[in-house]
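The structure follows.
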Amino acid sequence: MWSLDQVALHNKPTDCWVIIKNNVYDVTEFLQEHPGGSRIILKYAGRDATTAYEPIHPPDALEKNLPSSKHLGPLSSSAAQSVAHDQHNRKKTKDELRVEQALLQRPPLNRIMSLSDMEDVARKVLSHKAEAYYSSAADDHITVTENARAFSRFFFHPRVMRPVAKCDASTTILGFKASIPVFASGAALAKLGHPLGEANISRGAKTTGIIQMVSSNASMSYEEIIRAVPPSQPLFFQLYKHANDAEAEKRVREVERLGYKAIFLTVDAVVPGNREKDVKSPWVVEDLERGYPKVYVEGAEEEGDVWGTAGALIAHDDRDMTWEKTVPWLRRLTKLPIAIKGIQCVEDAVLAAEAGVDAILLSNHGGRQLEYSLPPIEVLYRLRKQRPDVFDKLEVYIDGGVKRGTDVLKALCLGARAVGLGRPFLYAQSAYGEAGVVKIVQILEREIISGMRGLGAASIKDLKPEMVERVDWEPLSRAKL
Amino acid sequence: MWSLDQVALHNKPTDCWVIIKNNVYDVTEFLQEHPGGSRIILKYAGRDATTAYEPIHPPDALEKNLPSSKHLGPLSSSAAQSVAHDQHNRKKTKDELRVEQALLQRPPLNRIMSLSDMEDVARKVLSHKAEAYYSSAADDHITVTENARAFSRFFFHPRVMRPVAKCDASTTILGFKASIPVFASGAALAKLGHPLGEANISRGAKTTGIIQMVSSNASMSYEEIIRAVPPSQPLFFQLYKHANDAEAEKRVREVERLGYKAIFLTVDAVVPGNREKDVKSPWVVEDLERGYPKVYVEGAEEEGDVWGTAGALIAHDDRDMTWEKTVPWLRRLTKLPIAIKGIQCVEDAVLAAEAGVDAILLSNHGGRQLEYSLPPIEVLYRLRKQRPDVFDKLEVYIDGGVKRGTDVLKALCLGARAVGLGRPFLYAQSAYGEAGVVKIVQILEREIISGMRGLGAASIKDLKPEMVERVDWEPLSRAKL
Amino acid sequence: MWSLDQVALHNKPTDCWVIIKNNVYDVTEFLQEHPGGSRIILKYAGRDATTAYEPIHPPDALEKNLPSSKHLGPLSSSAAQSVAHDQHNRKKTKDELRVEQALLQRPPLNRIMSLSDMEDVARKVLSHKAEAYYSSAADDHITVTENARAFSRFFFHPRVMRPVAKCDASTTILGFKASIPVFASGAALAKLGHPLGEANISRGAKTTGIIQMVSSNASMSYEEIIRAVPPSQPLFFQLYKHANDAEAEKRVREVERLGYKAIFLTVDAVVPGNREKDVKSPWVVEDLERGYPKVYVEGAEEEGDVWGTAGALIAHDDRDMTWEKTVPWLRRLTKLPIAIKGIQCVEDAVLAAEAGVDAILLSNHGGRQLEYSLPPIEVLYRLRKQRPDVFDKLEVYIDGGVKRGTDVLKALCLGARAVGLGRPFLYAQSAYGEAGVVKIVQILEREIISGMRGLGAASIKDLKPEMVERVDWEPLSRAKL
Amino acid sequence: MWSLDQVALHNKPTDCWVIIKNNVYDVTEFLQEHPGGSRIILKYAGRDATTAYEPIHPPDALEKNLPSSKHLGPLSSSAAQSVAHDQHNRKKTKDELRVEQALLQRPPLNRIMSLSDMEDVARKVLSHKAEAYYSSAADDHITVTENARAFSRFFFHPRVMRPVAKCDASTTILGFKASIPVFASGAALAKLGHPLGEANISRGAKTTGIIQMVSSNASMSYEEIIRAVPPSQPLFFQLYKHANDAEAEKRVREVERLGYKAIFLTVDAVVPGNREKDVKSPWVVEDLERGYPKVYVEGAEEEGDVWGTAGALIAHDDRDMTWEKTVPWLRRLTKLPIAIKGIQCVEDAVLAAEAGVDAILLSNHGGRQLEYSLPPIEVLYRLRKQRPDVFDKLEVYIDGGVKRGTDVLKALCLGARAVGLGRPFLYAQSAYGEAGVVKIVQILEREIISGMRGLGAASIKDLKPEMVERVDWEPLSRAKL
């Protein structure tokens, strides 16, 4: 039972304790291992770090990463009260006050007509930090924008005089039933946007009959997430492979044991992307707080972090994966279906087929990694034209830039089996929790069914390559840089 | 003879009366059949519903849809006075006040130089609801905008040194004379924009010598419209086929009896498009009335309608039409020429020719149905290049995005026999009634004749495919998203 | 010797006198023949019309068009004083006051670095009417803008390591020497912009060694213009052929006698273009004067003119010219070189060569006639690719959209012998009179010489087709819609 | 020892003395030779000219260009004090005050995340004159913008499952080691932006392991620059060849003696480009000082300079270089490697290879010379496709428009050995001196390494042509006109 004064003595790099949820931890030795760097921890040395810690770490993070000898035990009751009191009386930042106001002005859910409407609400009610983490992308945000713009180049050849009164948009993904050909793509740190985190998506997926892919970097534990839904609800796991094979194996065995139904090995994010908006977000918040114009005293600020949140999450990941080594390793480890997430060109799609995996997800990580990676729908189009045989060997999915039912239908016409969405689910759960997630699936279902009828397609198998034409002009696009 | 108090007792879903034009109707059983849903009726349960009813229902709607036993008879004279008094003293909404002001500032008709000028006036003097219904289109309004932009890719190869002092723009459509190769395409609910409704267009068409296609969803009865012009004036009928063949047959027989000259079977709108602007328009009006900023109490609003006005209009239409079944059915029913409205690709144009219809209208329903349906002028261009033989088998028309005489001429060079305009006629009659309709035809005639002379064409038959070139760059366009 | 009261009695359509420069004219019978319509004259019936008359009529217009019996003689001296007094005390319009202010803020001429700078000044110091007439173009101003944008698609392959210390940009046009491969293309109504009118251009051309083409519709007499420069200075004549061959012949014989050196027969303006900005300009001025917002009383304004200034100028022109008839007619009439102005496609360039004319000017009349006529530089490019032989048979020029030396060089690389500019000369003389004209030629000369050196070309003959590439992307353009 | 009164007597074109750094010079005879014209000198006739002189002349300029007989000796001590006092009490201009404020608001260096961030700071802290000189480009700034936009047309085909934990971006340029495939391209007048001038770049290059190319037109002497770094640090020399071979030889021998390691012969700037922004900058400053609106008295300003700073710098350069004459001349003169800077088309790249030079730099001089010269990355792309053999014969570099690591990687994939940057180095040293230079190299290194890993390339040789695709649509670009 520790007092605040006792903890406060351990406030330096060589002797660093922190308080998290009324427990005291010695993180001195851990400082160097922390994927997010030591600096952020030292900011809270000798003090309570709960508010900063919670939204970006799953609850089992301390247990998994800190030896039990460093768990020093609980605060005294008066210390805990004091921490709670401080937290309660803390002056709100301008950004927090803005968010409070935005929540009051949030429109009723029935006014949300599109994924864009949903995103608009979310961007207003998110903290600046969360909004920056979710929306940020590589360099100048060109790839993330081109991902969406690319869909606008594909026009339809709709067929008329075909019976569409009955219209069925359901399909299967790796053998699991999906009410529409859409899944929630892996996306980290849902708690940044909503206190109930990734489980909002899992429950919404359950309600609407679609499948969620859970990220290795979820802000909830893999167990918490899968326990949030009944065992009948399939969940896929997005694996960020640890550089240490033993660590990686532990993670695979854990999720297989928990009941996850497939492994999506992530290959498009072995190093962090250059997400300037994310890295800059603390400065923006700080400047807002201080007011403008500001006069800087040169050199007063220490050297900053250049990789941001994303860099921290994958600091220990494997940067030396190969087709020859990594896929067989994973195949030996598990009987679960294996998909490769992050194929970005035709050549690698072919290699994946040769490596015998069950599926590939054409993805450039939502434009968050390598700027000027081709938009996934363009890669899909090239794959369809150059190597149509690949579609017979494995299931092909895409993600990135999808916002409308017509986007989904274009991908399906070209041979995709399903389409993943990442940010839209983060935004939806941020804006309205589980209800938001349900809402956007309903919107997509309405748009997909309506689009299929407009195309003269009564079921998914009626969607054909000849129903889309890649036009040779530059159509308008809803995507803005 | 009913008093208001008597009517007011019947104000619930299980017992619902409404007053329309001083008559009382029992609509309890009809609630479930109402294409626009029961909710909108229940808003007026036990009360006068005339203002909401009138602009979107033809006067024979009650007669056609409500058994005479539900026609309960007139209000008492004092009740009728009371209704009129209430209506007269009703506080005007902000939108109504705005419209009043806009009408005062309407420029004199002789200052209207182009269809754009006309649209500008109309958009100002229309109620928000009407403006939203007329201008709304699918999803993000990309198709409606691309329809217009597409014309900008076609440039002319004008010929000089050809005699054009005499220049004749007249033609025939299905054998009926037209002063210029332009017709008024079917468009619903003209009364939303002007109290005299569709007859404004009919009379203006008569005056200027063009042909009008009347929509199944007109806000006047088919009889009212055709009676507004002399029998010599040809009118075409745009058929939305009822799912029930008998109902559909009744409609065809009615219009044939009334003297309509051709049937345009609509195949591009078997389900409602996703017209968010239309669906959202009541909220906009409501928010404007309440003022901003507004604070919402979550859940206070009930679940909304997502299909809007357009959805209601076609709720009972046939979604299982086929080439094999529907065309022969219609052919058996009538001797009138049959055109298919809504062909959106070359393949279906060929099927239509094989089905032996007299004409096709290349149309994506003004961009109001399936987003990313190819612009009609692009479909026409492909048809001309891939299947020029089709033009010998039937007449080909296009509509969508036409605003200038040069647009018409581009279509005619490529083989279209005539070009339809929808929204421009709605806007013209909304802005200046019949005179507005006459004005835009005069403008088009002037532009077409002037354009023909500029091209070196003295008559319609001088317009040739080699006079247009589809350019390989992205020209400026007057169309804005 | 007339008094104002006497003249004032003749103020109706059936008896209409007007005063012009202190002389009285009976225009009753002329009203129906006036190319600009009777309405504009009737506005001044019984009154002084000098201010409206002068800037758009050459001084010999009355003599040429009104029988001498209608020249009723001079005002009395007191009447003339009264007219002058009224004119002097007339309250200035808001537009006139704006122009006065703009003239004061005109930058010194040495700050004009480019033709754009010059245009900026001119647009500020021009009356609204003049600015509208000069800048207006067909329909939505797309062609006029595309004319300029088209140049931006042509990039250079500059050659290095070539001697360019000595660099000569001079050439000949129809055998006449030009200091640079540029001429002043025919453009009407220079007096609208500057009281000294077309002679500003003639004198500036003389000073700088270039050639001017004088329009049939000049606001000075053909004699006044040619007398403004020494006989050694060549002038070309832009012929708008009168519908009446005898009238046309009279005009040709006059200019040949006066010493004009070539005839450019205009074939791209047989009917007036749809120049809405020009037609609308009186309303804009009027509304500005009255102030906003304005309330219109419907019908208070009479039917307007829809062809504007341009329509009036060519009302009597020949709309039935043909290759078979018109070229031989002209050839019989004169020994001067004949050029056809207004070729807009390859086919007609070939016909012109076959007709044996000496030159063609690829032009769409500055985008003022048929909207979507291909940009002249694009026609030139097609001509070079499809029929390079035509360049051996006659001289080829282009005009439209030229603003920079690089534009000129692109045209020359593709085979043009010279490039015409119209509006830039009107703007230059409007802004600074003759000095403005000299300035823009100097600017062009500097830009052309500098560009030739950058290309590695020491003389005009070094400019080759392989030095330009039409790129396949959409480059930025200085042209804005 | 001169007094100010004595100097002041010599204040006319026929007798002109000036004071520079407390020394008096007789420049009467030099007036006509001054590359920047006599006018700018005469502005300071009889007065102190130090402030205007210093930032654009290297300290040895007087020695090299003015005979020692014209060096009249120092000011008296009281005169020097008086000059210093005047300078100290001089009222600051509005532009100087703006710059002072901007320097205070400069963000700390660790907030600079990209070359764009750096440019933003520099543009704020530069004097208007310096900003105009650095940023100005030919005509309408289209080429400079297209240089940057061109990169956006090249997308990547990233490869996954390749070991990239170890990643090496180092290479050699003409045999000299470079930490990344980037060099500082020659750029003049660094002192305009920062008092320590070009040495900021040299020292920053040393620190980060890259190579600098020093311009003939540096604002420091070639000796000063090379003495700023240890002999081990290689420097290249950008030669502007004097028209007089003997003068040119003197310059080559000087830099060889000083230890420069290669000669880059500049062939893309034999005449000055038309840089209007640069030429106009004095007027902008002047107008700002006087305030608006201003009324001009016509003719009050004398004829201006139309070539600006750039024109002055190259007034005496050789405009008659040829492959036959100039390359052999240079080869005879020096054993240093020879590169040709300013190749702008495939044909000349081939000629360069045939001339046996060691390297070519594809460059259009940063868009400052001939407007519409093809962007260098486009020339590189054509060279790769049309003449891949050239890459085996010499080293190929490009410069122009590079701002991101991905730009560098695209050029390297296409076969470039290294990429030069000009303006970014000027901006970096202007904003933060040497530290700014170090910063942008660090940023580029981070972006290059990160991009290589994203591409699946562990070393420079893994970058292949098939990793980039020139797309057929118009991608978004960070470049704005």
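Order of writing sets the labels: A, B, C and D. Residues in every chain begin at 1.
Please note the rule applied: a residue touches a chain if its C-beta (ideal position, glycine included) is under 8 Å from a C-beta of that chain, and two chains touch if they have at least 3 such contacts.
Because the structure is a prediction, the values reported are computed rather than measured.
Engineer: Tell me the rotation angle, 0 to 180 degrees, that brings the C-alpha atoms of chain A onto chain B, to the nearest 5.
Structural biologist: 90
Engineer: Compare the two sides of the chain B and chain C interface and say whether they are made mostly of the same residue numbers, over half shared, or of different ones.
Structural biologist: Different: when the shared numbers are divided by all numbers used, the fraction is under half.
Engineer: Report the inter-centroid distance (CA atoms only) between chain A and chain D in whole Å.
Structural biologist: 44
Engineer: How many angstrom lie between the centres of chain B and chain D, each centre taken as the mean Cα position?
Structural biologist: 63
Engineer: Would you mind listing the residues of chain A that make contact with two or more other chains?
Structural biologist: 472, 474
Engineer: Can you give me every chain pair that touches, using the contact definition above?
Structural biologist: A-B, A-D, B-C, C-D
Engineer: Hey, which residues of chain B end up touching chain C in the complex?
Structural biologist: Per the touch definition, chain B meets chain C at residues 104-111, 113-114, 116, 152, 154-165, 404, 406, 410, 446-447, 450-451, 453-455, 469, 471-478.
Engineer: Considering the complex alone, what residue numbers of chain C touch chain B?
Structural biologist: 139-140, 142, 145-146, 149, 153, 243, 267-268, 270-274, 276, 279-280, 283, 293-296, 298-304, 306, 319-323, 326, 340, 342-348, 351, 364, 369-374, 378, 472, 474, 481
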